[in-house]
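Take a look at the structures listed below.
The following pair of complexes shares a single chain, chain A, combined with chain B in the former and chain C in the latter.
Moving on, here comes the complex of A and B:
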């Protein structure tokens, strides 16, 4: 359709032919013969489009938006005949500089489009930038016509997911990964056979939105290395994938590479969830830089104190003004874009409690942003997962507003399981709740869907190997005198701090890892595994490796052979979970939860020890008598002895001639520690089982 | 960018020389489109390609889709390792058959044609 009247220029500026643009959608859109540029600012008095040739130090054109190109608070313009792939663009905004009233306009600055779909400037990971660049993070124009063929969101039921939390770079940056392009989206594709073999069916990617690894970079006092913002919980651009995570980033093809990675993962039955950081941006506080938002419309994008300073509920200098209607729409546009253009299956929201604060920072009972996301049609089949707390002290695990749609990272699961694992007494009651999907936290809402994402470790904190190897954190290499990172690790070093030559210590550590894996994978809810835990990855006691872009946090694939028995244990526990639908029931609603009869036991059958001294607990899962599935689904029994002595557990009796078989016993050396599903070993003694010290036993009644 | 074409063993050999990006893509597309007729057979020779961008890859994909609708066949040859890698990682390679050099491409296409 090139014969439309509205595709002919009406204006010109120098050599450029122009016409008034379409205000929506924001950002850039390829239109026949040109590019539509559209940007919002409520308080700007004037705006220029600034164009650079790719990588050029200075702009080759600045085109002011004529008055008639502004509709309401939106500047929009079509520029014809631009070589869209070889230019970079930004905006210059004029307006008041009046911090007390929230305004920080500075027309000397060139600003990134908040809706930029590609951002250049950090195209190759870790490559020292030109610090004199007048416009370091530049918008680029994307032809978003990737050929997805028949791909779509997988819509795997929440309760069937086994989530694997991964840092894109850390997963394959280590030479031992033996991939052609280490540390990239493309390298994840190379590892799909490994992921499928392990049995996981969902990747949760730590932030992949554009961030600046050089933000706050400094030299480590311990190693002398430059410390980067490796984790990337600090957004430069919400709509653009991180170029430095793509092998093709230097050619500006990061979007295609990421889309192709997702398409291939989907073909292999693996969903992709993004960890999104909408609580703050990389612009810092009043001493920070101008990247975009503060120069485009500071008062709209940020939560400001009455004096015009930045609220800091994120612990990172500023707080995005999430419940301002404009910002709320930006977040919605952003999530919709990742779903429609990248086929993303779900999102995990970093410090999500912030998204429920009003514009003055007060928690709301029914936050409009969270409600909008819960009911949005395009996000309708997306997993929405909240990290239900923030750095301002709001802790909402179990009370995060959900509308039956939001699931939560269950921090209480992590803490209770860790305490139980290390042998603290009196946790039987709490652990029984956690294993059942935490009905004490979530049943009050009678949620139809799975609410609890269960995890014992995540990127934040110790790896599983470190949780059983260190009593305290060892973050000296971060250069903050070991004051950063959490102190409530509930970890136990098994008798020696750090790496040990003592076989007994090492055996106990491996056993504790298996105990944790067993408990995680038999718990109701959605299990999440931290990438590398299945091969015993260590960070040498660092529980906050946000700045460690080196071997400390990269996965060392050599451990796959060294810790083959840990890997096998994880793999078989995942297989067990997939084999037994009873481990994956989905609902907290009374009638549906009645699908599975869960009974609690102790060293005596049918008598769990709920006392303050208890360190043992057992449970049995089976279908109710009235449920016809009882005839063909095996019964399951799990005994957990976290006491340092062995204990005999009386086994509950079985019906219909069924007999107990051992699937897993973490007290046994490899390969007797775990079977493969279907090949469990018949028990001689069907009445009692001696569970070793600090051990977990999984029995199948069939 | 320069596009050269010649007929070899009933196969149209189109050579792309230089950079194929948003700047040169329309000309390249127009040149390649000339050869798209029912049952045509095309080899794209990239041994002289210096750089291909996202827009360049898209032109190839567009040509490929047009060829498919007219029942044409085509193959690529002479891609550098880097370009082949880019196509692989961005998902474009799944739509094309690649041969290391023109000779292999021609013998494969001619064999199929015979």
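Moving on, here comes the complex of A and C:
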């Protein structure tokens, strides 16, 4: 049997032996003796496969697909005896150039395969490309031989996650990270002991799909440095990991390095969620350049106006036509690929509201793409998280179509908590909802409270340290006259704009950071921490550091010792959350099935102040009386005083001889600010607690 | 520098001394050479890599091939590898199925 020939050439082109290919799967597939190339285009009239030797300036072969190799709208061909590890490939598509009718075919252009699994061209981060390259982003063929051993998705319950949002490069690019290969996937592996010690169990990676850091690059008018597309919310290839994020990218081994990093994270109990950007591509608007989609089938891939211009719901020039059935399938294929081939645990969808717009841009009530993803069998155990708004004004926090599967970045949580933290009055009602997992937003649909991903900061906006150090954004270094970035920051500088020598200001800032950490980590839902907030990382007031590939964005690890008390506070609050299942229950308390009783208090026990002047709020969490666990699980009480004066809080009484113990009090200096779980300090006065100005107190009744 | 290799088989130990760079241009012929070990009584494959200066993905795949095809119970050793080579092996996760040693200890 070993000599049996299953596939033999039937055609030839020059020295190349060929055979009609298999239309599915799209992209490249290794088959016995050759490579199957398959690409879709509805409107192309002809297609050539273009082959390059690695890094060669010109192609060594162009093979037209014979007519009989096209099935329907798919061109597919097996090419035998290709040195697949040493070639790069693309396509030329012929067809009408008729922008008014949506067509932009140009046979002069060599196009990237939308399904390319490896993309070369930006192999080393920040290395100036050859601008004369006729084919700058080239497809490569990936062998499917990574050994995952016994690794699989971790399937950690949503409510048990503590998410840590990270930029792969920014996490370790700074020299203070002391890793061997700064700014890479491999370096994340080196930092696993740190992440485990902190207690997080899920990394959310900002975009790692292939993007071009040189897209729209320019010189900063402030620093004179070159500004790059650092964040990478602009896809070149959806199936390929960014080579420049891999220490081995220059060897074309970025896929292996990323897989190995994920495998090692999984071994350490840490999930990996990818931030995916399906709302637009790096090709820009009608003035943009050809990379792939616009030359392969412009009318299929993009939302176009009746005149053939690009709709811009993304704010980035074009909008991917997500509810076209072809594009929908591409997105599904892409996510399935990342789950099966990279063992990814979940996805966060950038500007996800766009995914619910129809082909003319109108919001749909039951968008087929979102429904497909919610019910897909391969994505069945994946976390699906929506950024439930877009740049076209569609805001769906609380109303994003979910089918019980989709969670949301809860923007209202961020805004309400920030306002409460800075001392705005009248937020007790809103904050009580946010802390319970926002039932006002999600309970109507019988969604679990893990529908809410709670965050106070994320990559978009101020870091936590900057949120307490700046009243306004300072984005001059971005070169847009400080007009970019949001203005609704709800931040407060604690009395001085920016870095301060004043001890009182600095003490207040640290306290406010601890207040934020305490509220975030006792809230029901899934908490998300922005990487670096736990060590007081600053971006010097820049709230939109998308182009700042420098020390402004990078985590400065020296702050770990300088801000050790902030780090310890985060660490112990995470530990508290892990110790007490009541903080992680998955159903709303008001729901009959829930087993946790949440009661609201104020300076008087059992009487919360819901008035428009309120700046105080307290709550208690315990098992229902009927729940057997009540005998074993301690009660929890949290008092939040966001007023600038101290207030006495009357404590609710405890049953069964239990007494209140202090776990955290942000008014106290380190190390009295926080205990370790299980080592809380017994209170002398069991009836009242004087909560300091702008302070949070966490008590354990045991 | 091109790849040079020397292969000896003694008492079930296949010792392969590598020098130069192992990449896509020479991995194929090297793999053909390794195929000669199939069916022989090989217990251990030892890549002596002191003078190996560079390894690309194609080279790593040859090592995977050695592990998977030459025999189910065969043990693979990478001995004396330079830091640059060792780095690539570790970052791509191959260190989990090869025994890495400074000197061959058996």
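Things worth noting here:
Simple rule for what comes next: the second predicted complex is superposed on the first by the 688 of 702 C-alpha atoms of A that agree within 3 Å, B and C clash if a C-alpha of one lies under 4 Å from a C-alpha of the other, contacts with A are read in each partner's own complex, and residues count from 1 in each chain.
Everything that follows uses one rule, which is that contacts are C-beta pairs under 8 Å (C-beta built on N, C-alpha and C of every residue); 3 or more make two chains touch, one makes a residue touch a chain.
Predicted model only: the values in this text are computed from it and were never measured.
Touch criterion met: A:86 reaches chain B and chain C at once. In the superposition on chain A, A:29 contacts neither chain B nor chain C. Of the two partner chains placed by the overlay, chain B and chain C both lie in contact with A:147. Shared contact residues of chain A, touching chain B in one structure and chain C in the other: 83, 85-86, 143, 145-147, 180-181, 185-186, 189, 246-248, 251-253, 256-257, 259-260, 263-264. Looking at the complex, you find that chain A touches chain C at residues 54, 83, 85-86, 143, 145-147, 149, 180-181, 185-186, 189, 246-248, 251-253, 256-257, 259-260, 263-264.
The touching residues of chain A, counted against chain B in their complex, run 83-86, 143, 145-147, 180-181, 184-186, 189, 246-248, 251-253, 256-257, 259-260, 263-264. Across the interface of their complex, chain A is touched by residues 21-23, 51, 53-55, 57-58, 61, 85-86, 88-92, 95 of chain B. Taken in their complex, chain C has these residues touching chain A: 24-25, 27-28, 56-58, 60-61, 64, 87-88, 90-93, 96-97.
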